[in-house]
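Read from first to last, the chains carry the letters A, B, C, D and E; within each, the first residue is number 1.
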């Protein structure tokens, strides 16, 4: 630890063997997207020769849990913190405490606009992912009826994906006929889609805020006896399940946020910073639209990057 | 029939009480009159409707038909709270105790002694005063309780009943209703309760309704006995060793009532 | 003292029973002997330990010290199920009824009549047989129940007790324990229960322990009476109109016991 | 009780004394209708939904409703047994995830094509979790199953996440997919599964001794012990059964999504409990019926489906669903009171004529 | 009860009869320790955590534990009252979100700089939600508060989402931020708030009549009615109080995050209920203490904090937390049994000496 002793007790944190420790607190570790990020983090840590500790709340909506995990990292006086805030501004007070305790903070995936304390932001924002999805949809169809499926109501990351897409589609001939939530759950995605199809038999486009719900929606479409060829289904995240579905010719596209890169770059940047280097204050990892054409290649890349069996690094 | 009956307006009068539970008619038009300082015995077979009648008087049940008069005034006893405000206290057959609370607390729930007296719910509990008081009240009934701070739920059947009786006796101001108050009591405790029943009307000017299956007790303490069968009053008598057999006959339905009403149905 | 006493090995024997609840000593070394076809009265003040003793015999409580012998064999009655398997049935003072179930069901819970007879939990319920049976059993006690399908929780105090007594009487094979079985019963129902107590030992070869506060009943039906006070046996007598006064004296502790044990403490 | 307060002023003899015949028949009909209980409630709610949205009553949509309510219904049937014993099983949602993941692992590891090995293994996994719940509660002498089943809620979710590595496992055998989306005519297989399970639960609960014991334990646990009911064993078996129902629900969820995923079944326990309670069971034990439970699950399903059909926004759905639940139980209270009232009036009439 | 079964073989007179003095003093000490109850449990768990991780006992971290446990503790204190009446309040988590959003709207709309207007309005909003809960339950004559509070769980979340438009509202006045992260020495303000609230609840529950009534209603609701306790009013007030506690918890949550957000407090109701039950309250009503509840909240907080410090992965945390909860309540069962046993032995000894 470099400075600013927050407690009187603690020895110098997790650096058991004199190595530097980077604590990575993601939103959660229980979803394919975040496991991908975790894979990047681990590889980054291994490549740079630092200890990384990975943590995440039990679900993306458990803000309080994440705050507790950041607090634990401060107590341990880690050398640097990489955080993917579950809620942007809501994490600012605790992250400012970390900065005040002399721990540099790097943000990944979700930025906190206007917060001076951060060292950098690595990622693309979710709104941008939504915009990209919207653009892709406009490429494929210039008119039709779209149904959008949201995540847990009030979850900013899934909400801004939808907002990005809806803002992009505004003014086009695509009409939004359904806007419902399926709590980021696959089974609920299926149920909601089944109801949407009944009320709006002419739906031709489906955009879901994550791949899980998109895959659930596909099951509903199949069950309704409709042809998947006639309906454009787009998800977000580029999970391996989504890739398999695209390879099977079911899902049409998924907007991937290059999650692995986010994880890896953030650790690399943290180490650079700890070694006295200066880093850019914004690193865009970009988004990729994975389609049936690119699915194979992207899938292979995923396979290679997948997190080790046991994501914990201790 | 008793000396009181003509003396004044009855303390309590029930007229034409009807109470139905779904398809069961528990009370089929019951009249009951209780005079000042009178002890009325309410007799009847199991399921005759005695408990239902007294629950209607104390506001636990609402009558389907009929009316209740206190000191000649028609009242709506819509809840047990209302009955208590009219000075009516009861020992129910199922005792209605708080098994999770100790003896002292059980006696005072709903009548708590508080430091600023009038404050009801917000008053500071005066536990010391209550504990002192409890000792006295239980002493008059000579119940042995192993521990006044013990949970009432763990006490013996008789101990529980004694607590319930002590509670009602303490707070009755106008009418005290006792539903089989000595059923679980020991020999001595029973004697004490019967003594209290005899003493209280004089001492505190209250009237008592006693439900009992024990003819001896009824003869000992009651000024008047009302016999019910199948939701109806089938007779009233002045209890004495001589009329005990009559009363039993009325209860089991072997004969016409000796009182003003005949055996119906 | 009774004719049975020397005749054979006692059906039930309790030796040196001690039971403590935290700081309360409910049984402080109790001995009890019940012979074949004998009716033993168990008397004592409220809180004397009568109910605790019978709960220990039926396996509801486990004794801290002491032993229980059935037909001279030492047994571990670790649960009420074990007691039932030994042919012991009891009416508890708190009745232990299922308020949510109807009369017939209440009588048969734990003893259900099923179609493949031996099947216990998985047997098909023979509701018709049970309902037929119930009618009979209740008829012998002459209780009026408004509706056999009514919830027991809504019945009157005496109706409930009658159901509990009918249940125990039906299934006892060796020892029947009755804890104040007539406390809530009407005149006629009480008479019927007392009759049954007198009849059953002969007819079915069972023994009975009767807990009661009513000396008259004890004199009428008991072959032998055991008096407890404060967790100890303070005397035994052969009940008769003449010894009734003695028994009362023993109960309230006014005199030394007339039986084998002296008044202690 | 308050409903009769206004009648205290009526003259003795009662208002019904004079009119026999016609009114009586009307009364009888009214009583029959009102006694339908929760079913009446469901019909009212369905009528409202149909009025609001013409699509609602289409046979296909009714199939959808059945399909969507089926998971909650299966869980609720297991939960019913638990609630009748005055217990609660909070773990069922997580157990869905664990069971389906464990079943899916079989498929992946052994390359099973047929579901007939996977299905029993899912049910078994659920039963195992239930056995742990029941044993902890009963043998651990805990006063209430809230904590052990809450612990299982966490542990089962954790196990699901750990063994699946947080990843969904896609690809289910045909037999399982059938339960997820297959239909015979308009009737989904899942609905047939629910019906079969309901019959089983009905028989267990009402026709054999075990069910009698469950009601007895719920009515008075100590009394059940005293009359020789093997209380401990019955209680454990009830939790095992609830776990097996969760395992059965896992089949439907896996079939619906053609996959097993570790976050499946999240919060489903609350819906299942709500269904049982809406169906008239008592939290204090001893009361509850199979029909009521099914109707409770259907009420929740109908409301959700109706709101989706009308494209009500999720934030408004929360409000609408909450309001609908309250209205539903409130209607049932009114219905029950009306029933008592009608019975009393009928008795009055019978007596008046006699 | 089973603990004494093995003693049936002991000769009459008992094993303790011969040994007075020394053993007695040891007994007395043991009994005193064992009677500490849940506190003893907390100490054991803290000792384990300290052994596993040296950072745990640092004053700063203990402050962290207090801060992290404070939200659950505040909710649990309100929930305690509800559970003592044999009820349940499922809405508290959502009410946190609704209260904080409503408070934050004040700030945004009126540009309030001071918290002294916002704080009461958050508490008030919580109380209002509680009033609705209580009124629906009591005046609606519902048999159990599960459904109305479940409905409020949904409605309050919906309202929070609707009025905030799904967006968090950032920027809280200093006074609120103080409760979120301020400390006096090592003691967080939030902990002081909890302590103050605990004293209030203690007084309400144990020192004044209202508290007496709460225990009475929980012990026997019908009896309470018969002895003249204003049951309806007391029940409603209990839900209002629980709602106000949720409003108070909203202050701490808003302070910690310097904002209000519509998903705040998610699932907190389960933790709050768990804390109350771990603290020894009974779901069947009539039992529960303030100290126990605080200890229950602290036990959850300590376990969570310890796991975080050891950087246990969230999937394993589920398993560990579940296991820890079961072990904790199981230890308490053992402790209670030991206490009874020790009391009996002490009585035996006293008698033997007499």
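Just so it is clear, a contact is a pair of C-beta atoms (placed from the backbone, for glycine too) under 8 Å apart; a residue touches a chain by one contact, two chains touch by 3 or more.
Computed from a predicted model, the values in this text were never measured in an experiment.
Contact with both chain A and chain B is made by D, E. Counting C-beta pairs in contact across A-E and across B-D shows that the higher total falls to A-E. Among the other chains, A has the CA centre that is most remote from the centre of chain B. Chain centres were defined as the mean of their Cα atoms; on that basis the chain farthest from chain C turns out to be A. Inter-chain spacing, taken between the CA centroids of chain C and chain E, is 45 Å.
Centroids built from CA atoms put chain D at 36 Å from chain A. In terms of their C-alpha centroids, the spacing between chain B and chain C amounts to 29 Å. Those residues of chain D in touch with two or more other chains are numbered 157, 161, 166, 314-315, 317-318. The set of chain A residues touching two or more other chains comprises 29-30, 58, 153, 311. Chain B has residues 23-24 in contact with two or more other chains. Taken pair by pair, the chains that touch are A-D, A-E, B-C, B-D, B-E, C-D, C-E, D-E.
Note for the complex: chain D touches chain B at residues 1-2, 4-5, 7-8, 10, 12-14, 340, 343-344, 346-348, 351. Every residue of chain C that touches chain D in the complex is listed here, in rising order: 58, 60, 79-81, 84-85, 90, 92, 96-101, 105, 109-112, 114, 119-125, 167. In the complex of the two chains, the chain D residues touching chain A come out as 53, 55, 58, 60-61, 64, 67-68, 71, 157, 161, 165-168, 170, 180-181, 253, 256-259, 261-264, 266, 304-305, 308-311, 313-315, 317-318. Contacts from chain A toward chain E in the complex involve residues 6-11, 14, 28-30, 53-58, 61-64, 67-69, 71-72, 75-76, 87-94, 97, 152-156, 159, 311-312, 314. Of all residues in chain E, only 90, 136, 140-144, 146-148, 150-155, 157-159, 161-162, 166, 270, 273-274, 277-278, 282-284, 314-323, 325-326, 329-330, 333, 337 touch chain D in the complex they form.
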